[in-house]
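Here the structure is laid out as structure tokens; the discussion comes afterwards.
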Amino acid sequence: MHGLYNFVRGPLAWVAFILFVGGTLYRLIAMLVIARKKDNVVFDYFSLFYGLRSIFHWIIPFANRNSRQRPIFTIVTFAFHICLLAAPILLLAHVLLWDESFGISWWTLPEGVADIMTLIVIGGCIYFLWRRLTQPEVKFVTFASDFVILAIVAAPFITGFLAYHQWLGYKFWLILHILAGEVMLVAIPFTRLAHMIYSPFTRAYMGSEFGSVRHARDW
Amino acid sequence: MVNMESWDWDTQEKTVSDTNGWKDKFEWVEEFQASPDGEKVAAIVKTGEAEFSVCVNGEAWENTFDKCWYLRYGPDGRLSCIVSSEMEWTVAVDGQAWDQSFGYVMEVKFSEDGKNVCAFIQQDGMYGAAINGEPWENLYSNMTNFAISSDGQHTAGSVQTEPMDEGDIFKFQSGIFTAAVDGKAWDKTFVNVWNKAFSPDGKRLAAEARMTLYDYTIVVDGVPWSEIYSCVWEPIFNPKTGAVVAPVKVGASWTLAQDGKTMWNRSFVQCWQQIFSPDASRVAAVVAPKYGKWTVAIDGEAWHSIFDDMVSDMVFSPDGRRLAAVGKNDYDYSVIVDDTVWNGTYDMLWQPVFSPDSQNVAIRAEKQGRQTIVMNGKPWKQECEQVWDPVFSPDGSKVLIRSIEGGRYIRRVLPTTELTG
Amino acid sequence: MAEGQVIDGIYFNEVWEDAGLDEGTKKLTPEKIEKVINKVLEGETGARLKVYVDTCVHCGLCSDACHYYLSHDKDPTYAPVAKVKQTMWEMIKKKGRVSPTFMKRASQIASTQCNVCMRCAMYCPFGIDIAYIMSVVRRICHFLGITPLYIQDTAHSHAVTMNQMWVKNDEWPDTLQWQEEDAQEEIPTLRIPLEKEGADIMYSVIGPEPKFLAQLLYQAAVIFETAGLNWTMPATPGWDNSDMAMYTCDNEIMGRVKRVHFETARRLRVKKIVMGECGHAFRSIYDRGNRWLAWKMHPVYVEHAIEFYYNLLKSGKIKIAKKYEESVTLHDPCNVMRGRGLYEMARYVVNEMCADFREMEPNREHNYCCCAGGGVINCGPPFKMTRMLGNRVKAEQIAATGAKVCISPCHNCHSGLEDIVSHYKLGVHVKFISDILYEVMEKPGAV
């Protein structure tokens, strides 16, 4: 058990981070290279001002019409995404690991708050699962891979929650938690979780087209 | 060519006609046309109820018509106008209507020497061309892209050779269009035939064509090039060798091809409006080396001066060593000569004109509603309501300037040095 | 209505007969389909398509943007993302190895169940441009020869005549001359100046104007004459700014038509082009056609009629004699609203002209599409019911205003709305801005 822990905590973590960073860079560079080669117009019409204006209107809840039309979804998705990013980065246990390995640390969340945020992420996943199973317009475009992706996202949070509360053996859940986290990291650049990488660009491009060419709003 | 030697190159300035008086005489005066030698100014005028004519230097033609449009001077100084009487249309040249009249007449074109006046005609719902009033023997149910040879002895159009029911896309795609020269259609048909060019001797005809909905090529005298392209633009003939040159799209980029073989080793995002130098030693085209960036390329080498909107009106100097064109950024037009952009921008520019010795370039320009002539980058001191294209004397020492100032049509002959400073 | 059914394993939510689609499909082979799909995907698409496909998380948030989806009681097969699923995802996933029937359905979706109105691009949190993806599908269908018949015929008309309606070279100047003569009965000094080189403005219109709607040419001439503008119209091809080849994605013809249009403006040495009340033509000149030709923007400034009227009213060149009394509402056409942001100018013009203006909800860039644009109405009678059933929300939206007149400054919208008004028995008149402007403006030159 301990050997396995050291393996997932050590070499495998390195592999996961390298794949995550490398994969992300690869996807970004590949996107830019192919855009240069075959979609140069993307650069020709790109506007930083209008790109940021568009991003701004979409990273603030209820700052665009669609988010006002769907208040529940908006609240869930914003809470989900904020917690998804903030909880792992600002979790004390994670920061301790960074400190232990590299001597770097930063502000952390009170443990109770992190715990609630974890539950929000899990709740969000359940909500998304419910949408995929019951909402016809979502169900129609749902593939098995969408459930897998949802599971990949939910797994680190569920296992982390269980490990933190030490039900049925801390070490077991901890190892699973690290593994799940590593799977998710690697999955980001190589699955539809890549929307994390791409969405600022697609948003900014649409914002640029709407702002500087069409003189219209895109929110 | 027109003999310009005989024109008056001595009278420095004369008011040919005070057009202010025309408006008292006629209730309707259309835009003015100036004769190439500057001796005459003309306009379509209304002479009575539903009665129109053409006024030249203040005097209306004797003949009147129900309608008049497209008044133009030919290169030889004869004045042509499309006219209608009793529901029939024809062309009147210096007031004399052609003997034959037609259902409709449009697109009047002149031979280089002006002797032949050609027109695109419709008669009883059939289409063709007429030279000096003489129509083709065969007319076609549809015709587009009317073209004439430089001597005006030959005319051509893209014609429909078989009937097609409305909406019959399959019949259309089988190819029912071709080119007709002097009324005779090529044997081979195509899905589409567009812009055409006659060889300098008028004996051959090249055209853009689409063989299927997707395969483009150049067709010469009914025979397509063996190469197929995803798109092509208008062909031209090499005035010396008779080779045919056209912009072609290969992959995602454009280049020039000659007789079906790539001519330039460079390609561009866009390439069109190619012209040969008079001695045929050089070929130039308007190109976009990058998306949204326009310039001129000579023999495949692009200039460095770039315009964002467009480049047009290229013209080679008579000696073929120089080239002038017009470029546009936003609302501003500029003249570009030999890759150097003149200082000063204008609201509108016409085509640059080289002096016979190729040393000077002059152009008609407009700024804030006033027109003038600009020579070698320097505007003429006089600003006018309207000017026409400048004309150099055969020896290049003088410039003929035709203008309207305060309603008076003025003909001036100025020493070229007065404009160059 | 034609109920949904499964044909050769492919689900069709509607079944209509169309000779272009039906005959075209018969000629398809799996090899040809595979070749064409891969040729287009590899040769003509790049980062945008790839990133759009990889970024989409299948969340369905675009659904409510689509009038087809809303009008079909939220039938999921009409949702924007569902249209991508039934077309592009499958083509990419199977690397082009899809069946002829699949392609027929793909063509039906892309050509008749999507108006490429881009409303969904404003509802996708990532700004994924589904209209662009549908255009790529149409491009593939173009190369496969499975474009609906009527619009294909229109693309042929563009290819031959450079106009949308098979208007022959003589018919155009002839029509203008008749309109000029008619208008002189009202304003004796009125002229429609043909081929006037050096005029300030070239006025361009779409093919149906000389064919069926000549009164619009008349009205425009009265507006130009009254405003005292120096304008002209070409007597040659290049007068038509419309472009259905853009919508069949026969890009080569689209480019050819746009090139003729702009080069005609340059030949006439005009400083700007003013175009009539058409939306798709504006898109073709301002967005699609110019880009295919490597013009980043329009090389000669193009002013849409809305902006033109706005400037005339604002500058006092046209004055209103008496405001229009009937209650009016305004339909915001996608190509000049989402496409050019002219919504406030349109409101200024309508408020200047009309005493009783009522907003539709939603409006401006969020307005529902007319369901006619994007080439759908040009797919002709076989798909009329697609438009009627696919835009119930528009009928409800218009009815809710209680207005007697619906102003639509776009030809496709205008025709589409007339069909909807009659199908849903709304009892509303659809008018162009110029219809009302002509009626209410001062005409000092009139006798």
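Some points to look at:
For reference, chains read A, B and C in written order, and residue numbers begin at 1 within each chain.
Methods note: a contact is a pair of C-beta atoms (placed from the backbone, for glycine too) under 8 Å apart; a residue touches a chain by one contact, two chains touch by 3 or more.
Quantities reported herein were computed from a predicted structural model and do not represent experimental measurements.
Shown here, the protein chains touch in all possible pairs. By number of C-beta pairs in contact, A-C leads over the other of A-C and A-B.
Farthest chain from chain A (centres taken as the mean of C-alpha atoms): B.
Remark: chain B and chain C have CA centroids separated by 33 Å (rounded to whole angstrom).
Separating the CA-averaged centres of chain A and chain C is a span of 39 Å.
Taking the mean of the C-alpha atoms as each chain's centre, chain A and chain B sit 61 Å apart.
Multi-chain contact residues of chain A (touching two or more other chains) are listed as 38, 41, 44. For chain C, residues touching at least two other chains, in rising order: 296-297. The multi-chain contact residues of chain B, meaning those touching 2 or more other chains, are 252, 291-292. Those residues of chain A that touch chain B in the shared complex are 38, 40-41, 44.
The part of chain B that touches chain C in the complex is made up of residues 28, 30-31, 67, 69-70, 103-104, 106-107, 120, 122, 127, 142-144, 146, 158, 160, 166-170, 172-173, 177, 191-192, 194, 210, 213-214, 216, 230-231, 251-252, 269-270, 272, 288, 291-292, 308-310, 312, 328, 331, 347-348, 350, 366, 386.
The touching residues of chain A, counted against chain C in their complex, run 31-32, 34-35, 37-39, 41-42, 44-45, 54, 58, 64-66, 69-70, 73, 131, 135-143, 146, 192, 194-195, 198-199, 201-203, 205-207, 210, 213-219.
Per the touch definition, chain B reaches chain A in the complex via residues 252, 291-292. Residues 45-48, 50-52, 54-61, 63-65, 69, 74-77, 79, 81-82, 85, 121-123, 125-129, 287, 291, 296-297, 337-341, 343, 362, 365-366 of chain C are the ones that touch chain A when the two sit in their complex.
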